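Shared between the two complexes below is subunit A, which has subunit B as its partner in the first and subunit C in the second.
The block that comes next holds the complex of A and B.
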């Protein structure tokens, strides 16, 4: 039933460029799709595995730069760029993830944050490679088989195909035995060890997969923007991903997907002032943590459980 | 490259003063972590509030340094009290991730409210000492740096005495070392946690007030400093106060040496690189968490 709904929703999203001629609306739709993928990747590592990772922001930026540089500096194309972004992020995540995951969960959070900051410093200061604060403007539109995806409407198709593929992959992963093992690690790590499962490879794999997907999403996103500069590592993106995951419900796959689409429209609706928008984001974060710590999905689940209990009495 | 001894000494002295100010921030974080097992993401914004309070108090006091600093510390202590009573008090133990997200939200709100009212334009803060300095041979250090370092040292001495010899401080250490046992002997965790947050906020306000005349004051000034302080707390071992102080002073020195001899880009990056290396070698940080020992 859920799957039917999901497919119907995916098809409805595919129809958006045909329904609206407005570049603005289709552009917001493109952002919404990409943000949802990045939030779903954060959900894999935070919601399912229970590891709050700020490194997602770093991977998002690395992905953006890797894709842009593949095209502009190394003579590749958009498609190999996105693949390179995913591959580089997967490797970087394995390398930095191993020492970070060995620490306590407190130190993990802070070290991932530090990693994200390090990436933004590199983006700003390694001018020979990244061109520093000026960034790389005028990214060429992707092309395939002689077709150029130059307009916003055409690019939407790429974003749609990308996000459907990534969300399908994440859904399969999260609902598989691996996904259940990740939830078990979150809920009771000693018990998982007692069952003869070593948590480390699972955590590392989740971190790396989530990094690869976030990186690829970042790569698609910078080509949507048409420019990559150190602002891609603005903390604003991390806050957006976090709010999507928290409002949707940590550990709920569909909750996060729905809130991703819904909340990506929110920054557009609230565009009257940047400061006001951030204040509202902050207030939403604080209020949500107190009022609905497990998100809308968690709240619905609790209500259902309460009803079941009541019916058994 | 020839190393000029005077230049090196200058860098070293600057490094120590900067390191002491880092240490003020890191110690507050460590104190809160030791007592409540949470990380206060809005700690940098308390520092920013301290710096702004200093900036607004100075014209009122006629550029007098010490009364303005006292006002700034008082102001951040009140802010810390409010933050604790409205937000942090609702956290249960073992809600580490939640504490981060709540204080992250608070930090976003504080930064942008300040930016909305006072704009992001950097302010230069003038004090009674102006930009005068003390000359030691051919080395010159501004008075504001010297006084900042001295204030930090006095604060550390005070903190040591409080934690070591007063009932107020002993209760904090007791909670950090063994929560259940502390409860059994009648220590109220709520009161102790509030005291710890207010004390940490005061230290942070002191750091903010001392940094204000040295650096530019902007709503964002706390953000970058706090990220460095997080790394320091990890390097020194979470909850280990002497560890945080040692790591902070070492970082101040390393940053200044690197900034003096290499490109400026390495200066900011060094702390994060060091942290990842330290975590690789010693996952618990350089100094093990000994339940907040002070001596």
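The block that comes next holds the complex of A and C.
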């Protein structure tokens, strides 16, 4: 049932460029798809494993620069660039993740925040590599088999295929026994150890996979923008991913996917009132968090649990 | 019967205070052994040290012939020692089914790749674990909660879940840290019966408990700790007759205690 709904939703999204001639709407759709992937990756490390990682912003930026530099400086193409972004991030996450994950949960949060700030400093100050604050403009559109994905509508197809593939991978992972073990680690780490499971490899794998996917998403996103500069490391992106996860419901795969699409589109749906739309957006977020502190998915689950409890009495 | 667990000369000090000052004992395979003692006698430190949740200063712990001294907790669990905790630990937001499945998963041959791809090996492991879980759930009488989050259960029921989880992977020994502390008295009998049945089926238990009646009903052998030392060891009857034990618990000898009782009456 869920699977049928998911396939129907994926096909509906595939149809978007054929339904709207507006570059603007299709562009918003592209962003929504990419943000949803990054939020789903954050959900893996934060929602499932319970480790709030601000390093996602750093991985997003590294991914953006890695993809752009592969094309512009190192003579590769968009596709190898995205793969390089994923690979570099996976390795960076393993290297920085091991010491970070050995600290307490609070220290982990602070050190991931520091990592994100450090990446942003490098993007701005290592001018020889990143070209500094000016960034790298005019990124060429991706090509495949002689076809150039130059228009917004064509690029939407890439974003769509990318997000479907990444979300499918994350779904298989999160719904497997590995995903369940991550939740167990979040809930009761001493019990996990008493049952013979070493938490470290699971945490490290979740952090690294999350980093790789976030990096690839960052790579696709900068080619949607057509430019990469230090603004790719603006805290706005981290905040967007985090809000998507919290409103959707931490640890709920489908909750986060639905909220990813909904929240990316919401500011645009509020365009009828240009002066007040960001205020309305803020009010909606605050009300949602008050009414459903554990997100939409958590709220639904609590209702289900209350019903079960009543039926057992 | 041979000893499944051999503990020799266990020592542990916290900032100069000797929590354990050379404790040795053995647990026979297929037996129920009790570990009692007043507060601060070193019971909890003993099981935290043998299960790898605390570093011991010196001593030796051998489980079924394997030296597990100083190993980390998850490796000791893999070697065949499963434990529960004084303050009950279950995965509150996972179903009873998942709670039991997780407890056994490290002990089957399925790798991450098997789990990701749902291979035959993974599915076989899940079937076997499911079968064991159903048996244990029937034993603890929580069938109707099988698919429900364990968070809604009572404290006593969670203790039963923790017990069942510890038994999932067919461990060589199960260490129970205060299995009936804080449990409604009417439920204590249920836990007692469950443990007796499991023991008859061949399971070995080491139980730390304050409830002396519970220990003397169940255990084949009782070890008494006091101030980090082994004070006495023997059958329940022998321990009852030991004046040193009463002294440690009550601070007096039985004669004095009786006199005091007569005086107050």
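Operating definition for what follows: the second predicted complex is superposed on the first by the 288 of 313 C-alpha atoms of A that agree within 3 Å, B and C clash if a C-alpha of one lies under 4 Å from a C-alpha of the other, contacts with A are read in each partner's own complex, and residues count from 1 in each chain.
Basically, contacts are C-beta pairs under 8 Å (C-beta built on N, C-alpha and C of every residue); 3 or more make two chains touch, one makes a residue touch a chain.
All values derive from a computational prediction rather than experimental measurement.
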For A:10, using the defined touch cut-off, is the partner it touches subunit B, subunit C, both, or neither? Pick first, second, both or neither. neither
Scan A:72 for contacts with subunit B and subunit C and give back first, second, both or neither. neither
Is A:172 contacted by the first partner subunit B, the second partner subunit C, both or neither? second
Spot which of subunit B and subunit C makes contact with more residues of subunit A, would you? B
Can A:293 be said to touch subunit B (first), subunit C (second), both, or neither? first
Per the touch rule, the subunit A residues reaching subunit C in their complex are 172-173, 176-178, 180-181, 183-184, 187-188, 190-198, 205, 305, 308-309, 312
Subunit B to subunit A touching residues, read off their complex: 33, 37, 39, 87, 90, 96-98, 100-102, 104-109, 111-113, 115-116, 227, 230-231, 233-234, 238, 263-265, 268-269, 272-273, 275-276, 279-280, 283-285
In the complex, go through subunit C and note every residue touching subunit A. 51, 53, 72-75, 77-78, 82-85, 89-94, 98, 101-103, 105-107, 110, 112, 115-116, 118, 122, 144-145, 148-149, 152, 165, 169
State the interface residues of subunit A toward subunit B in the complex, per the touch definition above. 46, 50, 52, 96, 99-100, 102-107, 109-111, 113-115, 117-118, 121-122, 124-126, 239, 242, 246, 275-276, 278-279, 281-286, 289-290, 293
